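Below are two complexes that have chain A in common, paired first with chain B and then with chain C.
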Partner chain A sequence: MSSKRHSILPPAPAGSKPPIHFSSSITIADSALLTGTHPIAIHSESVVHPRARLDSLAGRITVGRRCVVHERASLGAVVGTSGRITEAAVTLGDYVIVEVGAAIEAGETVIGEGTVVGVGARVGAGAVVGKHCTLTPHTEIAAGEVVPDFTVVYSNGMRRTDKRGAAELRNKGLARQIDVLRRMIPSNPAKFA
Partner chain B sequence: MAAPTPYTYIQCPCSDVSTLSHPSDPNSPTGTEADEDDRTFDPRAPRSNYSLYPLEYLLYCEDCHQIRCPRCVAEEIVTYYCPNCLFEVPSSNLKSEGNRCTRSCFQCPVCIGPLAVTSVETKPDPRLLAPDNIAAPHSGPYALTCSYCHWSSTEVGIQFEKPNSIHAQLAKLRNGGTTRLTAKERKERRRDPAHRSATTEGEESGEQEDLDLETQFANLKAFYQNQLADPNSADSGLAALGDLGFSSPTSLSRIMSIYTGGSLQDKKAKSRVGAMREALEPDEGLQVANLDESAAIEQLQSEGHDGTACTAQRVDQPPHLGEEHLHGRGRFTSELRPIPYLLRTKRSKRCPICRHIISKPEAKVQTTRFRIRLVAGSYIPSIAIRPLSLSNGGGSASGAAAVPGALLDPLRPTHYLLTFKNPIFETIKVTLGAPSKTPGRFASKVTVLCPDFEIDANTDVWDEALKEGGGGGGGGGERDRERERRRRKREEGSQSNNNHNQLEVGKIWERGRNWVSIVVEVVPASLRVEAGDGPLREDEDVLEIPMFVRVEWEGEAGGDEVGSVPTRDRDTREKRELAYWCVLGLGRIRQS
Partner chain C sequence: MSSRRPPRGEYIETDTGNKVARKATLVGTQNIMLGGKTVIQPEVMIRGDLIRTIQASSQSASGAAPNSTAVSIGRYCFLSRGCCLRPPGRLYKGAFTYMPLRIGDHVFVGAGSVVQAATVGSHVHIGAKVAVGEFAIIKDYVRILDGTVVPPNMVIPSFSIVAGQPARLIGEVPEGGHEAFELRDIYKTVGNNPQPAPS
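Showing the complex of A and B:
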């Protein structure tokens, strides 16, 4: 994957840091990986776990408010021929959880508010996932696909609509989780400045 | 395509028709025996799919001295339990309550994930509470929710008042939350004149009461029982036809007695012949079929294929007596009900011939141990297959450097090392038989270089060490055997050391404490399809060698045989023999 990336795009000069726009209330682990040349914005109260990868080589990365990006999750990975540079590579709405090892590919990909991207799931370039969706572990969303609001993608691509109406409850739970994570993860935003 | 790693499957002798006839039967035709001996077991035959097992799947009967596979054991149920709550269900409950968990264990009807009971009301924000306040107790209503696909029982309009005994609560609820009446309640309702008038009024205004299955059956039953009790109610005009059709009380009472267990008085009914009228009102069990399916069509249009329940989901649905009438039921996922967990069983296994138990699990649900478990692996030798590369030494240059998992080159001799490991405490003599050509369209050549050898007993490793150290353990016979074994080892050792890596017919490759390795030479067939032949079928490129294994050993005689007088003489030894087919899967042949 990485070898392909270098063949298509100019390699980022070693040691260079992407321009960042961090809210003062975020929590970002020391060992998170931020690379690329375009700006990376993380809004208030979001948490970036250790070894999460945010790559802005193909465009701007925006993480909304109260999001959690887990370990080894990857935002803005450039895959194959889709390595064109766009205005916005990946945009996460508010209250989005990107679980361990999930990958969201670059190319104007949008994840709507309150959506959970499950463990090891993959969202293709240019896909638009609606609000309050649940992508269960190892789900694959094809490039350019549009997933409506409140969709649950489960069991090898089956779809159904979430009718619980528990979005409010979930957001409250996430806020509490973030409270705990803040105390657990030593934050070092200065490292990326 | 990745080649499979080498494997060994054993054919249980029960699948061989010739062994099914009683072994001591003198009338068994002996003329066919020669044919039987010549016949090669074909691992590709469709039947073989059902008789080949890995060694780990097989059991062994110590009394019959025979392999037993899952197909030839008699099973007995030890316990019934719920796989979710691990609660043991007494078999008496099973008859009255069915084979599903009657506690609060449910599966999601959409994705079969486990459902959890959750409170529907949102909890008060804990941050608003005073810090010394104890968390407010949960309050109803409750719903069953799936944490995987986010299905919730509120989708079908089902909520519960209490978080426990969900099964009992669910049985009283119909989809949409309306309660299902119990038989007693229904009876009371029917008697209640106020309700009666209410329903008739409703009918007058064009609203007909929908009957659920249970009510309809109860109404019909009551109606026909009334008819039977009162034969004069019949229209005499139909009496001529009465004796034959359903309108005859005699035939009807016969039908009813099939379902209700013969509580109706047959004799009384027989004496009265007369016709009966059919049910005309909902109270009598008449339910007019609802043929208007426009609502279903509309729903289909709006929800599409995703909104319909698949066959598996519908099959999983438990029968529910309180459900709607058969017309227009259960076609959408929005009508699916939670599935109570199906109970599972622990079973003991008996030999079908001598009735001895060969596997018996611990009765307690929580333990996974077995009281008795006679696995074949501790009675018959295991066979491990490893490709043999002969790159070094002056061995035959034909040996291909075989890598596990690599494709086999056609027409190129390849060698495999078969390691037989003896699990029993006696020396065993192994005789192998393999056809020189594998069966099937593409015949590969097979040569077993050493088809006849002995494997030493599986003695204790520490015994061995003590003996080596000069400790004179064991009886005279044992010492003799020990000496014999060492002598043989020396002989073979000197030979194999002289020409190491030399493939020699009749010589074993390597010998250990309780194992022996031998070499099999294989020349894989070319997979070129002749003109006019069909194309390569699925898995026809897999090289499988059928091999007949005969194991002979001397065991302690008597005692365990039924009817024999146990002799205290330990020296009486009896020759035992076990023979079976097995299949060695070596890998796939490269397609040119």
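Showing the complex of A and C:
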């Protein structure tokens, strides 16, 4: 408490824009936050809501086709300084939904195709979540954990297998949702270039 | 210390008595209706831009002006720091649409909660870190404890207390307990010239 000066600004130097690889058909809100030094790639028809945070300071971030990243979701949040990871990417497959306030930590983290990361859920560094999984709200996936395909994680870590076989239907519904969002969210990819 | 105080008030106070923090994020403000005397704390996010895209058949037939309200909030509501209100969305007649989120009077939303309900009644207390799923219907005088996950489409009857992940009914609001839902006093304790809470 000897320091007299209190900085209001975030500690990371402002103005450092990460290199981006955007598809021309994505929708990204003006107030999304993209920071870091590694490349951020967003593939076709994905939607990034306002105030979503993509931080590539630790490693590259790849968002697949037709993903929806909701407001306040955080991709590539750095977990303190305890676990030093040299390469710390975050990869989202296609048709992934990252709900409001969910956090996916950096560190070779992979979210498989068609997975839903629920409201306020947290995926630890290096976790590998399989395809078509459902992480219900406030779920915590520990660092380095492997979640098999079609797993539903609910109620404080209970697990079961999703046998509905509704993946195809879900993807069609998501495509419709993206169509609507594209009209509603004013997109401004040029701002991040 | 005086230099750290913001030169303008922290809140914007409207004629109808709403106190909206300057640091709140309101997207699509033209589609957000505030009933009056509502407190919106800093870092609150309200998604007014997610309006319904399909009008009800009775409305479109009569040719009335489309009602584009996305979020409507009643009187004396209190939205704590970091909470998020967003309209629920679903497939309806083969097309995707968002539906309006209606919130009654004297509704308290705790810090860090995410509300995607269809309807929240009056005198409802939602705790901190609660996730209310899409199209949940919460009736009047309901208390939702901290950390609850209300699943999508759940209907919570009046005078119930719910908790857990997923939410379960754990009790009822006791006789005469409904006075604790009044938010008039807490309304006075925030704003640009807050008054101490009456003891």
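By our rule, the second predicted complex is superposed on the first by the 173 of 193 C-alpha atoms of A that agree within 3 Å, B and C clash if a C-alpha of one lies under 4 Å from a C-alpha of the other, contacts with A are read in each partner's own complex, and residues count from 1 in each chain.
Definition applied: a residue touches a chain if its C-beta (ideal position, glycine included) is under 8 Å from a C-beta of that chain, and two chains touch if they have at least 3 such contacts.
The structure presented is a predicted model; accordingly, all values stated were derived computationally and were not measured.
**Q** So, on chain A, is it clash or fit between chain B and chain C?
**A** After superposition on chain A, which the two structures share, chain B sits beside chain C with no clash.
**Q** Given the touch rule stated above, what does A:G120 touch, chain B (first), chain C (second), both, or neither?
**A** So A:G120 only meets chain C here.
**Q** Using the superposition on chain A described above, determine whether A:V180 touches chain B (first), chain C (second), both, or neither.
**A** The second partner, chain C, only.
**Q** In the superposed model, which partner reaches more residues of chain A, chain B or chain C?
**A** Counting residues of chain A touched by each partner, the higher count goes to C.
**Q** Specify the angle subtended at the CA centre of chain A by the CA centres of chain B and chain C, expressed in degrees to the nearest 10.
**A** 40
**Q** Classify the contacts of A:T136 with the two partner chains as first (chain B alone), second (chain C alone), both, or neither.
**A** Touch partners of A:T136: chain B and chain C.
**Q** Now for A:V100: first (chain B), second (chain C), both, or neither, which partner does it touch?
**A** second
**Q** Mind working out whether A:K163 is in touch with chain B, chain C, both or neither, as first, second, both or neither?
**A** After superposing on A, A:K163 lies in contact with chain B but is clear of chain C.
**Q** Could you say whether A:P50 touches chain B, chain C, both of them, or neither, answering first, second, both or neither?
**A** After superposition on chain A, A:P50 lies in contact with chain C alone.
**Q** Contacts for A:Y154 in the overlay, against chain B (first) and chain C (second): which applies, first, second, both or neither?
**A** Both partners, chain B and chain C.
**Q** Just checking: does A:E71 make contact with chain B only, chain C only, both, or neither of them? Give me first, second, both or neither.
**A** Only chain C; A:E71 stays clear of chain B.
**Q** Upon superposition of the two complexes, what minimum C-alpha distance (Å) separates chain B from chain C?
**A** Superposed on chain A, the two chains' closest C-alpha atoms are separated by 5 Å.
**Q** Name the residues of chain A shared by its contacts with chain B and its contacts with chain C.
**A** In chain A, positions 136, 154-155, 176 sit in both the chain B and chain C interfaces.
**Q** Mind listing the chain A positions that touch chain B in their complex?
**A** 134, 136, 152, 154-155, 158-160, 162-164, 168-169, 172, 176
**Q** Would you tell me which residues of chain C are touching chain A in their complex?
**A** Interface residues on the chain C side: 4, 25, 27, 45, 47, 49-51, 53, 84, 86, 89, 91, 95-98, 112, 114, 116, 129, 131, 133, 147, 149, 164-166.
**Q** Show which residues of chain B lie in contact with chain A when the two form their complex.
**A** Within the complex, chain B touches chain A at residues 110-111, 122-123, 125-126, 145, 148-152, 154-155, 306, 333.
**Q** Which residues of chain A touch chain C in their complex?
**A** 6, 31, 50-51, 71-72, 100-101, 118-120, 136-138, 154-156, 173, 176-177, 179-180, 183-185
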